[in-house]
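The next block holds one structure in the form of structure tokens; read it before the comments.
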Amino acid sequence: MLSTVFAGIELKNPTVLASGILGTNAELLLRAANSGAGAVTMKSVGPKERQGHNNPTVAVWEHGLLNAVGLPSPGYKEIEEEFELLKKSPVPVIASIYGANVSEFVEVAKAIAEKKPAMVEVNISCPNSEMHGQLFGCHADSGASVISAVKKEIGEIPLIAKLTPQALNISEIAKACEAAGADAICAINTVQGMLINIEAHKPVLHFKKGGISGPAIRPIAVRCIWDIFEAVKIPIIGLGGVSNGRDAIELMQAGATAIGIGSGIYYQGTGVFKKVCEEMQEWMKANSYKSVKELVGIAHE
Amino acid sequence: MLSTVFAGIELKNPTVLASGILGTNAELLLRAANSGAGAVTMKSVGPKERQGHNNPTVAVWEHGLLNAVGLPSPGYKEIEEEFELLKKSPVPVIASIYGANVSEFVEVAKAIAEKKPAMVEVNISCPNSEMHGQLFGCHADSGASVISAVKKEIGEIPLIAKLTPQALNISEIAKACEAAGADAICAINTVQGMLINIEAHKPVLHFKKGGISGPAIRPIAVRCIWDIFEAVKIPIIGLGGVSNGRDAIELMQAGATAIGIGSGIYYQGTGVFKKVCEEMQEWMKANSYKSVKELVGIAHE
Amino acid sequence: MSDLPKICRIKKIVQETQSIRTFFLGIEIKAIPGQFVMAWLPGIDEKPFTLTAAGKEIAITVQERGKFTKALFAMKEGDSIGIRGPYGNGFDFKGVKKACIVAGGCGAAPVLLLAQELKKKKIGLKIILGARTGSECLFKKNLGKTGGLYITTDDGSEGEKGFTTTTLEKLLQKEKFDCVFACGPEIMLSKVFEICEKHKIKCQLNLERFMKCGGMGICGQCAINEWLVCRDGPVFRNEQLQKMPEFGKFARLKSTKKVSLQEYAQWRQ
Amino acid sequence: MSDLPKICRIKKIVQETQSIRTFFLGIEIKAIPGQFVMAWLPGIDEKPFTLTAAGKEIAITVQERGKFTKALFAMKEGDSIGIRGPYGNGFDFKGVKKACIVAGGCGAAPVLLLAQELKKKKIGLKIILGARTGSECLFKKNLGKTGGLYITTDDGSEGEKGFTTTTLEKLLQKEKFDCVFACGPEIMLSKVFEICEKHKIKCQLNLERFMKCGGMGICGQCAINEWLVCRDGPVFRNEQLQKMPEFGKFARLKSTKKVSLQEYAQWRQ
């Protein structure tokens, strides 16, 4: 009932652990996999070691999370061991990569491709570092230049372009990525925001601004997925604010084939994958659907 | 304690009824004024009669509202009577105008200026109509062209440019508006989103997409106000998700001189102005502030 | 807390008169008599309807008029529609010992639950029910069970020939009421109000305006002067009606343009 | 529900040893012994600290080490800091009739509340408290009130000269405990674990890792193999420790790079 195919890869269910959540080591990824995720995404990895920002890096507000972790990374050279352990994964493992320019993306992609992950996600959308990503994801031509360069390196491995809702017209970016060789789209990354602690009269995050995730951004995710679905033929991992079965089904009806879960781990723990799957199944039974594949994009009819 | 000056206009308190909420007639504006608002904004008016979209036009979801009312308007010619009644207003009345192109904006501005509102808000940011506004607010040059044309018409009346958080770089738009003659900025308008009713597998709003307002967008408002405050010298009406005193103080610390309230009316009724003011006052006493003016932008220090 | 339309099934459809049907819906809503729900037909529109049954299963009673109601009339038992609510203040009968209800046309819908509630509370009740013609008299039987029923028709095909308001005038000559509750065409309501003011009787009138946000009280579409029919109403009292110059005279089109009630009615046609 | 830092005042500062101070804070937090809070100095950083008092007024006990703790030590009574929490699982003493606590250095902090709670519940308790030197023995008095206290120092300036773990070995030769609770340098903890495994005694060890989201359990920074110190811990038991190859060997730098505990300690310097 829940099994599906995403960019040629079989998934036992459409839930996917989102990048940057838990994915710092292989064991946590395996834990998410063993807790019911249909696929898991590693934390985005860059060309060299990077500290990220000082704390506070994550804040929980009334309607979601706000984070500026700042793309910490040991650098791709340090994560060989994780790939060894990940061979035990019962579900597909998606590697996620970032860079400050096309050649950095290419350098990381080349090394990562050798490790043969099930897919490679190209993060052209992180809002939390001054120089990384964001710009690529906001402009069709620069986004496409990263995607086509990475695609050349990774060959047969399906490439997922991870997009930002900050783009003026996300469907244009998606189309450019598709034309440049992307096999799938992942949307959305976080939405730029800020919170101030009024007693301290200081921004809550050390980096001041951060990315909003969780329940507050779900309607933004639905809108972006809707637009992308109308613009491209390649499949979409939809994410943003999913923490129950209804949320997941909403994003699928908007056009997502698979469903990423990030902040949901905060709200529900790693049990969130099982919970979402069970709730989807219950709803599908009550509403006479036989396969999740039937749900994809049906709100467009 | 709460009195302040905004773009040269005295306000007994910094709360302002946001455009599009209640502002369809003079009596409702007076009701908001008599309920404690420091100023009130009329519903945005356009050049001719316009129906707006079919219902559902507004939806209440878990973390905010979503609306696509679609800028219905009787057209500026039909609202003369309202201005007559508004002469009784105990607080400044802000007119709000929209148009599909510069000459429409000019046409409306000219007629409205004759009615001598306390200020004129130029809505270059409504996301809910196919042709109106949005584009102006997303590009510095087109935004500026509207502002300078309107400014020529309205002369001494302070001009407020209402901006959209959808712009790639809202501080650039604000700077361009300031250079074009805007006396103040209003930020933010709603954030584009969508909700789907999964049982109906249809978007909840008839127009499909709509603008998100209310609690969910507060961190986006704070981020935008922060950026605008760093970029311009003119004062800011900050709005987005305010429904209590703490929210208002947060937006002021980010850089707002006055605070718009829209969706807060849904959550709290017209009593929201009094409530927000009382809560601000209490907080200020507990934290040893003597005037709201001291709060403006202090999180930047 | 969200307040989104919930999809529910049409459980039963009852033909009340030639042009009026009651739709029983499989959704639980607790409500006060006079409150309304917003009914959504995806892809078509969303409109307000008074509840004519509340509790475990609700009902709305609808007259076929324009595009929306035509689409609704095309639906069968088992089909789905969206419902949100209840909204509005509803009628208030605290302290009322003897009541009169005046209902014109489809206006019988909002007062049905009220009449049943008054009967349950053993409150003395007279009902004046008006319609164009005898066959269009809505809820004749149900209302008859709750109190003394006076019927008036425009064509005299049933009951008294003439207007509900003439009957009300006569009744007031003989009897005293703590409150007159009324619903119907606004021209009738403004006459009811005039009569009540003259006789210094309290009244509660159920008003109607075109709605958008419908119940949220933010869009200002349903404004009558400083009041919002969807949140402050739909039921208004003497003190409010006295300060409501638009009552009986003006209403707002979808564009929010203010026009005479006549022009408003034409637009709805 | 939000979980943002709340600003509170430093009510009282107590100098515990030359390098350790307790900060009493004007904020109410109910907590289980062994749980921690995140303390925020705006503009500087945010770090985890075990609660050494909970309830109406909380306390954290801090050793001056790097940039953050230096900034905290520069603060006076009346100054403000941000606090969020409590987080983590804390110690579990259900069913425990006789307990042993082993605390090394600043590790006395997390066990103070535990010892007080065990005493209140009249659970038999032996405490082994270790420090570099006598004057750095944290909570000597307070812990002495809760059970039999054995002190060990590296330099022999107080109590037995040597390691806490040597004393633990000796104690286990004579006595039986339902559980050994321990906190201190990880090298000490891994020795405690070894001893407990050998004697087939249950243990609960309070571990430490660099934290970012600190308590939310999402960023993965505090990972030890498949566990998150901030959400699954900070207290871990035999069954977990047996499957925790990184315990006593590896930790993650701020970049999330995995390094040996030695390199981790050097980075912290």
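Letters are used for the chains, namely A, B, C and D, taken in the order the chains are written, and counting of residues starts over at 1 for each.
Please note the rule applied: contacts are C-beta pairs under 8 Å (C-beta built on N, C-alpha and C of every residue); 3 or more make two chains touch, one makes a residue touch a chain.
On a predicted model such as this, the values are computed, not experimentally measured, just so you know.
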Chains contacting each of subunit C and subunit D, listed by label
none
Among the chains, which one keeps its Cα centre farthest from the Cα centre of subunit D?
C
How many Å are there between the centre of subunit A and the centre of subunit D, using C-alpha atoms for each centre?
36
Centre-of-Cα separation between subunit C and subunit A, whole angstrom:
51
The distance between the C-alpha centres of subunit A and subunit B, rounded to whole Å, is 34
So subunit B residues touching two or more other chains come to 61-62, 195, 199, 202
Find every residue in subunit D that makes contact with two or more other chains and list them.
none
Drawing the touching chains as a network, do you get a line, a ring, a star, a complete graph or other?
line
All chain pairs that touch each other
A-B, A-D, B-C
Subunit B contact footprint on subunit A (complex, rising order)
61-64, 66, 138, 166-168, 191-196, 198-199, 201-203, 208-209, 212, 215-217, 219-220, 222-223, 226, 246, 249-250, 253-254, 283, 287, 298-299, 301
Residue positions on subunit B within touch of subunit C in the complex are 20-25, 27-28, 30-31, 43, 49-52, 54-62, 65, 67, 69, 72-75, 78, 81, 195, 197, 199-200, 202, 204, 206, 262-263, 265-266, 269
Residues of subunit C touching subunit B in the complex
1-7, 38, 40, 42-47, 80, 82, 211-214, 216-221, 223, 225-226, 228, 231, 252-258
